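The two complexes that follow have chain A in common; it is paired with chain B in the first and with chain C in the second.
Coming up: the complex of A and B.
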């Protein structure tokens, strides 16, 4: 886009800035709620000014076993991410490099699996986990999350590897490199940024999800997201405490997405095409 | 497929190796073997953990099957499906889901396109703005629901209180009134996902051929003509992609509805997913819930097919091929 006036750029930027601020207001409100004293959260009329306090953070350690919640969230996200990548990256690579006419069909099969509503497979899966005794453990959540996420990773890496030239790997193979060697030493490093994007999305999906853990975990194994839902509705717990607890569930992911924004953009655009 | 070259008849083989692979193999043969084993684990995993439960769900949907009364399990054919269309609440849920999906995806497409046009110029400012704009999409959907529930409450909510006092909207709050609740959920969905829509469209805008845009400018086309005659037709694949993705996601909406209204008041915001979760995992009505899940899949598949068809048509009409 050539030759634009400074005035137009200024107008555009003002518009973008305004939109960004308006969009972020609810988030800012959530964060500030956590620093309000309880009596000011329930003031009539509601007010914006308040005396900042850390009481809410002290409260939530009394109401919740925050360490255990965090441990569950981390275990579920980490387990899901590692398993999804171990399964999905090789599969995406194989489908991208295969000359079989079924390869693209399989890639679309993985895409379709991602589009299936969670509930359709959750109910039979719930019964399956009950029968093999995994219901209530992190494993149940990890297993079903891995299914969805490895479908995502496969599709994403399929489109990523397909865009990478095969010459390098073929050269490595003719030079006497083993098949696995060519994959790990040539293909994987070349696809590094795609893999980072996959990690980002897997962590985000499994950290944010609450439908699966809500029905598949118990009191001891529930993650942060489920605690947030059950906490809401109990009468001792104010919006302030929820805001404080939401710090733990939202801020790690938001920071990750901000700092790895390049990969986030890649994942959201490249991964779906 | 070049199966014939891998039979070992041709001399183009590697030096024979010892062990179980000692039969001379062509390059492509061992490659194919390797790729097969790279793909197999993920395919098997998805078949066992993903497709098998779906097949079971399909099977269950023909039974009267309640976990609380397992002894009364009985094959009832299509009765579960008929029951969905005979039940007023379920019909309402289907209508709600469609209304939610169509309205919120159209709004997101419109605003997302505007936002993408604003962010088109590649500058540091725009990149940073986009990073911040994407925050709603990365926040736990559950927390999004909680935020709006708190903000819109008529008693203590920052927005709800003043709206109720100014006499705008229902006195009990926007989320607890059956006339407005669904619209509020649509707006929440727009808040959450419009930036992501803009991001997908922006990637499309940035990949448009610069010389075509420049040619339009040089030929003296007005900004509006350039938009409708050049940008829009070229953007069709991106628009289609964004539409398919968001439509499928919106149709499966669960988190924000479940948290803010739980399907109420009076089923006014009940969606297919919320209904299925309630029936299946709270009332343990496995057969009926499975039928709802299958209907949802069917609807999603139909919508994807329709979108594909519409875009093909539009592509033929505009690009003439």
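Coming up: the complex of A and C.
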């Protein structure tokens, strides 16, 4: 291996540090906003030597039904994730093991579905949900998010299963498994890190999704992401309260990412040539 | 235990490629059958057809006399060892070995007992709780063997199981597998491209090329009596030397002329009679060339040393033969590469001799060690 000079290491670390600071600044801003007294939120230059207060957290429970918002966010994310995986994982496997020369084309076609601008599908989908009476329910958001995420999961699992040697499943077949048994007992456990990465992506996409729940849910079924952005300017809601509310919207994702970080990177880079 | 038979079996793929053509092969109960050939010769496809992992395009596969073409792999009770070992990465060694038993619904106690016994046999007892990723290549190979052994299947199928091991370990495992097979007396089909494995392990060896069976025989017979040029060139290391020759007579005795050299045809005399004045290919194995003092005469080949490879006990000498035409011994996949290289005669001689490039050496050829092939068909005379 080539020798790495001390200067090079220093330059690399400085670059990493700078990038980290740039990435973390908005987060620090968001967090500090929640603990700053109202009059210091917009002080220029921004100050970090303020007297922290929990007033904003007390306020938001008065302004928002935080439990209901959280419940909606969880229901939409969990529903989307479960459905996307139930459909996407077998679909990705089937494509990966298909002998058809069109399999790869199909997989990329699925990825393209994820690239359709959300706004383009919103209106027809809105009308469909209205006609079948699901408009305003969690289901409306779960279904459209599943459509998009399942396509993404299919593509990601396709890449993942393609990278898994077929031998293992064939060994399972000769060991006495059925094709389905080989899938569940061997292929799925072997692709565990890919599946966990998919879970993370799905949860992130649907937890942070704003556009669809904004138009497809009602006051009772709206999730945190919608409440956050629509609250400002109504009642007596300040940036401080939004900062506090934003804690609930970011912390679960950050925690998940922290705990599952290694699967995330492994899964996201595996099989992607 | 099982008897396995191929009856006119074909395997062709979409696009017209035929991997196996008209294969007829009977594997006896308890036999260790080796399928050998260069890559792409159809040996692995044939093995996978026995396992049920590959559809059969034509013909019949019989297991114990019954048609098995459409049986699912799980219904054949056949265990397979893969080239990649195909261990389940998420399961411990014990669970890997016991997987097939668990799938077949055996009780936990029985599984534990069987896994333990198999692990002892393969010296894996200390590693039972480890995951495959934490094992060495040799240990993984043994786990793959254990997974096959534990089930007491009708037959073992092994697809180049030693090709990922280093040379020393390969030699050791070669003997080990042969011993295990003799001990269990389970019908075994072993695929390899390594002719040392083919020669040392099997009761019989099926040599395949381009999807077709070339010769099915004992290792000894393959070496001594190859039926065609392909088998002669594939079996034997270093490979056999081929010369262009012309059958003739000297003083009434049949001989074969290689350029300016003349070799007597002892045992071939009767068969060679019909080839009088016709071109043949003469095969002489490197180990059949014996150094001699005589520089010319009947049964002598003289050549100039091009280079010498010292193998320790022996010297592998490559020689330029100007007075006769050498024919390249080609083996399918290497054909193009070999055409570019000038053919040289190879001889194995005693390692203690001092031979240097440029030396002219004379070799005596034992008439019994000569192989003759029809120049047009490539078949042995």
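Points to keep in mind about this one:
FYI, the second predicted complex is superposed on the first by the 254 of 273 C-alpha atoms of A that agree within 3 Å, B and C clash if a C-alpha of one lies under 4 Å from a C-alpha of the other, contacts with A are read in each partner's own complex, and residues count from 1 in each chain.
By definition in this document, contacts are C-beta pairs under 8 Å (C-beta built on N, C-alpha and C of every residue); 3 or more make two chains touch, one makes a residue touch a chain.
What you see is a predicted model; the values in this text were computed from it and never measured.
Using the contact criterion defined above for the overlaid structures, shared-chain residue A:28 touches neither chain B nor chain C, since it reaches no partner. Residue contacts after overlaying the shared chain place A:211 against chain B, while chain C stays out of touching range.
Judged by the touch definition given at the top, the superposed model places A:250 against chain B, while chain C stays out of reach.
Judged by the touch definition given at the top, the superposed model places A:128 against chain B, while chain C stays out of reach.
Looking at the shared chain after the overlay, A:172 reaches chain C, while chain B stays out of its contact range.
After superposition on the shared chain, chain A has more residues touched by B, the comparison being chain B against chain C. In the superposition on chain A, contact is made by A:185 with chain C only, not with chain B.
In the superposition on chain A, A:163 makes contact with neither chain B nor chain C. In the superposition on chain A, contact of A:18 is made with neither chain B nor chain C. Taken together, the two complexes place residues 173 of chain A in contact with chain B and also with chain C.
Looking at the complex, you find that chain C touches chain A at residues 51-53, 72-74, 76, 78-80, 82-84, 86-91, 99-100, 103-104, 147, 151, 157.
Listed in rising order, the residues of chain A touching chain C in the complex are 165, 167-168, 170-178, 181, 185-186, 189-190, 192. Those residues of chain B that touch chain A in the shared complex are 1-2, 27-28, 30-32, 34-36, 38-39, 41-43, 45-46, 49-54, 56-57, 60, 115, 118-121, 125-127, 129-136, 138-143, 146-148, 150-151, 155-158, 161-162, 165, 191, 195-196, 199-200, 203, 213-214, 217, 241, 245, 248, 251-252, 254-255, 259, 272-273, 276-277, 280-281, 286, 289-290, 292-294, 296-297, 300, 304. In the complex of the two chains, the chain A residues touching chain B come out as 1-2, 4, 9, 12-13, 15-17, 19-20, 23-24, 26-27, 29-30, 33, 41-46, 48, 87-88, 90-91, 93-95, 97-101, 106, 109-110, 113, 115-128, 143-144, 146-148, 150-151, 154, 173, 179-180, 183, 204, 207-208, 210-211, 215, 225, 228-229, 232, 239, 242, 246, 249-250, 253-254, 257-258, 261, 264-265, 268-270, 272-273.
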